[in-house]
Amino acid sequence: MTEKGQDFTHFNEAGRAKMVDVSKKPVTERKAIAEGKVYTSAETINRIQEAKIKKGDVLGVAQIAGIMNAKKTSDIIPMCHPLNLTGVDLDFEINDEDSYIRIVAEVKISSQTGVEMEALTAVSTAALTIYDMCKAVDKGMEIGEIRLLKKTGGQSGDFVREID
Amino acid sequence: MTEKGQDFTHFNEAGRAKMVDVSKKPVTERKAIAEGKVYTSAETINRIQEAKIKKGDVLGVAQIAGIMNAKKTSDIIPMCHPLNLTGVDLDFEINDEDSYIRIVAEVKISSQTGVEMEALTAVSTAALTIYDMCKAVDKGMEIGEIRLLKKTGGQSGDFVREID
Amino acid sequence: MTEKGQDFTHFNEAGRAKMVDVSKKPVTERKAIAEGKVYTSAETINRIQEAKIKKGDVLGVAQIAGIMNAKKTSDIIPMCHPLNLTGVDLDFEINDEDSYIRIVAEVKISSQTGVEMEALTAVSTAALTIYDMCKAVDKGMEIGEIRLLKKTGGQSGDFVREID
Amino acid sequence: MTEKGQDFTHFNEAGRAKMVDVSKKPVTERKAIAEGKVYTSAETINRIQEAKIKKGDVLGVAQIAGIMNAKKTSDIIPMCHPLNLTGVDLDFEINDEDSYIRIVAEVKISSQTGVEMEALTAVSTAALTIYDMCKAVDKGMEIGEIRLLKKTGGQSGDFVREID
Amino acid sequence: MTEKGQDFTHFNEAGRAKMVDVSKKPVTERKAIAEGKVYTSAETINRIQEAKIKKGDVLGVAQIAGIMNAKKTSDIIPMCHPLNLTGVDLDFEINDEDSYIRIVAEVKISSQTGVEMEALTAVSTAALTIYDMCKAVDKGMEIGEIRLLKKTGGQSGDFVREID
Amino acid sequence: MTEKGQDFTHFNEAGRAKMVDVSKKPVTERKAIAEGKVYTSAETINRIQEAKIKKGDVLGVAQIAGIMNAKKTSDIIPMCHPLNLTGVDLDFEINDEDSYIRIVAEVKISSQTGVEMEALTAVSTAALTIYDMCKAVDKGMEIGEIRLLKKTGGQSGDFVREID
């Protein structure tokens, strides 16, 4: 999936990081979808599910974190362009069998550059928030498989990850 | 590794998220170490290594991102306490054989609460930055195995992850 | 003034907060005006007026706070869209008789979504700043009547508050 | 409740705003409690209560906003000291009869200066968030009666508001 | 180079600072270039040059700081408009003879207002970062000659500084 | 004024920037004073002085910017430690003869590390703000002579700049 012949675009001639010039690119409707997983113990998964109604919605806090951090991606990732996102939503799927929570984030914009970093940042920070909310009861958690699922609307063509 | 009998500490009686009251806890010297990996294509790994000298140090940008975001963890993770970190450093190991970059972050503080979220945030945002710097040439990258390695200095005792 | 039949737009199907998708809405010129009041003791009102020339302009600091926070509304209010405001101004009226300061904020933008939250945030944070600047001499202050006065340019029609 | 003889402490000799020097004050345990109200239509109050279980917890989002903004009070209010809060919690009471939501915020710290602005900022931004979440169905809402209820631990003595 | 007859545009009729209303101005392609210098001892200049390869690239860190702060200019400078920059790059020239580092920043945007403050902020914060990285070995450094070199694309005509 | 034998402390063994570990340093009372100048046309100096009473206090806005940015120095300068400043004040001197405004900032803290970067950031951002407020009438301005004047309380001894 590596594109040969192309080079890192984020460095200038002196070999220092720059914010890529997108001023000549057209404004288009763009969307990106990313996913990630938080692996916990079986007991933690149970607690998250039980807690939702009576004690507190861990995933509700994670969703807000994901949205708020998607908005400040350009402050978190050094070379990202500041962007006015037009929509952000997250979805969580709990897998009881393998004891993990799958996070999917979708981000939309009308812009000269794409929003995959925003979708990935939403997923990563939602995952970290789940970790934070549960770490008092489970220090063995692990965050993994954070990756881009789909990206549409850019000049370089759409991207759809082949499910392995 | 789940602690039975204990409950989510981040919710109040109404079932809403709160910032845990640590005002009665003693100030102690604390340290946390976390790790994570960015899986890329073999070609991307080569480019990162070749680029370092002549074209630009991807990992140098990632390291700065990790440090800057460790400092603003309380702005990224909703229930984290604001903390005055006394030291942050990251280390990167490139694994040619399996085509991944391992990131390790170490964070120190003298405080009433620990810094595992700061170490995990440093790792996650450094990983996202590597992704951002390389995404023009490799969209198949994946971030994974983000987890706590070690945590010392807190009241609840030290934590050391058993290597699997 | 409640619109029947419509539902909260800020939740997704799982009942979790989302940033509403405005990507299909047209870009229009929008404006919002909001107001609020800070009730103080008569003596504090006098001090604020006297201080202006010789000792320091409390309202000048409040105005700057209002503008700076209007700009970061999307960082303060979780589900607000990031927006590039094109103009922000505030006005203060001191009412000697009833010992209060009325704050009015006007915000402009050309965007797919409105700026009422930006105007309300400008008013609220200007009010909090007045409180902060005066709290050493008057702890009995109260902030109130923060509300939208006018909103124009959106698809859902204009809003003008009827004066009670 | 105005303290005579004392002057605005937030201005220097040139009449410009300064951050008050607290470097000689002792570190003490401090706490502040503030309150505020959001007045809505009766229908909106009903919707908030009904929505909680099935459709989305407006007050849960508001609580997170209150906590996150309490943490960044020094970035919102120009002359506030940066502080490492040790605990923040909010409470919401719905008054069906008079159609309002009462917000109470409690903030704790061990510091050279107090946290009343942090408690007031938590209340104000939680109120603004309720407004934002409900504004699609009710534009007539009003935020009011934001005020300090209690403040303990400072050198200038405790403050307890007399209920009117 | 002062324009007679024109007045400060950043104050309203009450004499308080406002964010200038640019809502009627056309969106145009704009660019600004600014420069500045960091004067150090001869030995510090040598160290910076030697360190680059083996020990650490001071200017690489400064460049990232310049870019990240250009993006948040509207948060740093009170009356600046929030803007979605489309490109930022910096260049550093080391002058051995006179022991200084010259910083040049170029910022691009398509907007209703210009980006000279963004270019100047990039230069200033890059200069401060060089100072920070070198201050353990050289406390006599000085930052100077921060100024606008060129500005194009605005309605008020282009600006090119005459070299003195 | 360069200290021989010492090396850049901000790089780790891999040659990447780190946040220096100050966890073993004692907490001491520290203070730093920095200065800088904004050179304008004679007419601009006049306008700033005339405007103060009737039209708007340019330096009042600059002072607030200086204080607010001193507080977020660790967010602006990549390797700076987050710190809880205990006092910040600025002073402005207008020099009619040579048409410049001299800015002096003083910052205090009780901490394991010093605040010279905070004082320098206050001066730099106050200077940029003066530039922003006046740029509509004077594009020839220049910011210069930003430097540390005094630094006390640290382990490495006090620093006082010799006036040239």
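Going in written order, the chains are labelled A, B, C, D, E and F, and every chain counts its residues from 1.
As a working rule, a residue touches a chain if its C-beta (ideal position, glycine included) is under 8 Å from a C-beta of that chain, and two chains touch if they have at least 3 such contacts.
Small disclaimer: the values here were computed from a predicted structure and weren't measured.
The fewest steps needed to get from subunit D to subunit E, moving only between touching chains, is 2.
Centre to centre, using the average C-alpha position, subunit C and subunit F are separated by 32 Å.
Subunit C and subunit D have CA centres that are 16 Å apart. Shared interface positions of subunit E, i.e. residues touching 2 or more other chains, are given as 12, 15-17, 57, 60-61, 64, 68, 78-79, 82-84. Taken as a graph of touching chains, this assembly has some other topology, since it is neither a line, a ring, a star nor fully connected. Under the contact rule defined at the top, the touching pairs of chains are A-B, A-C, A-D, A-E, B-D, B-E, B-F, C-D, C-E, C-F, D-F, E-F.
Residues of subunit B that touch subunit D in their complex: 12, 14-23, 74-75, 78-79, 81-84, 111-112.
Within the complex formed with subunit D, the residues of subunit A that make contact are 53, 57, 60-61, 64, 68. Interface of subunit D with subunit B (complex): residues 29, 57, 59-60, 63-64, 67-68, 70-72, 82-92, 108-110.
Subunit D contributes residues 1-4, 6-12, 15-17, 36, 41, 43-44, 47, 51, 54-58, 61, 64-65, 68-69, 76-80, 116-117, 120-121, 124-125, 127-129, 131-148, 151, 159, 161 to its touches with subunit C in the complex.
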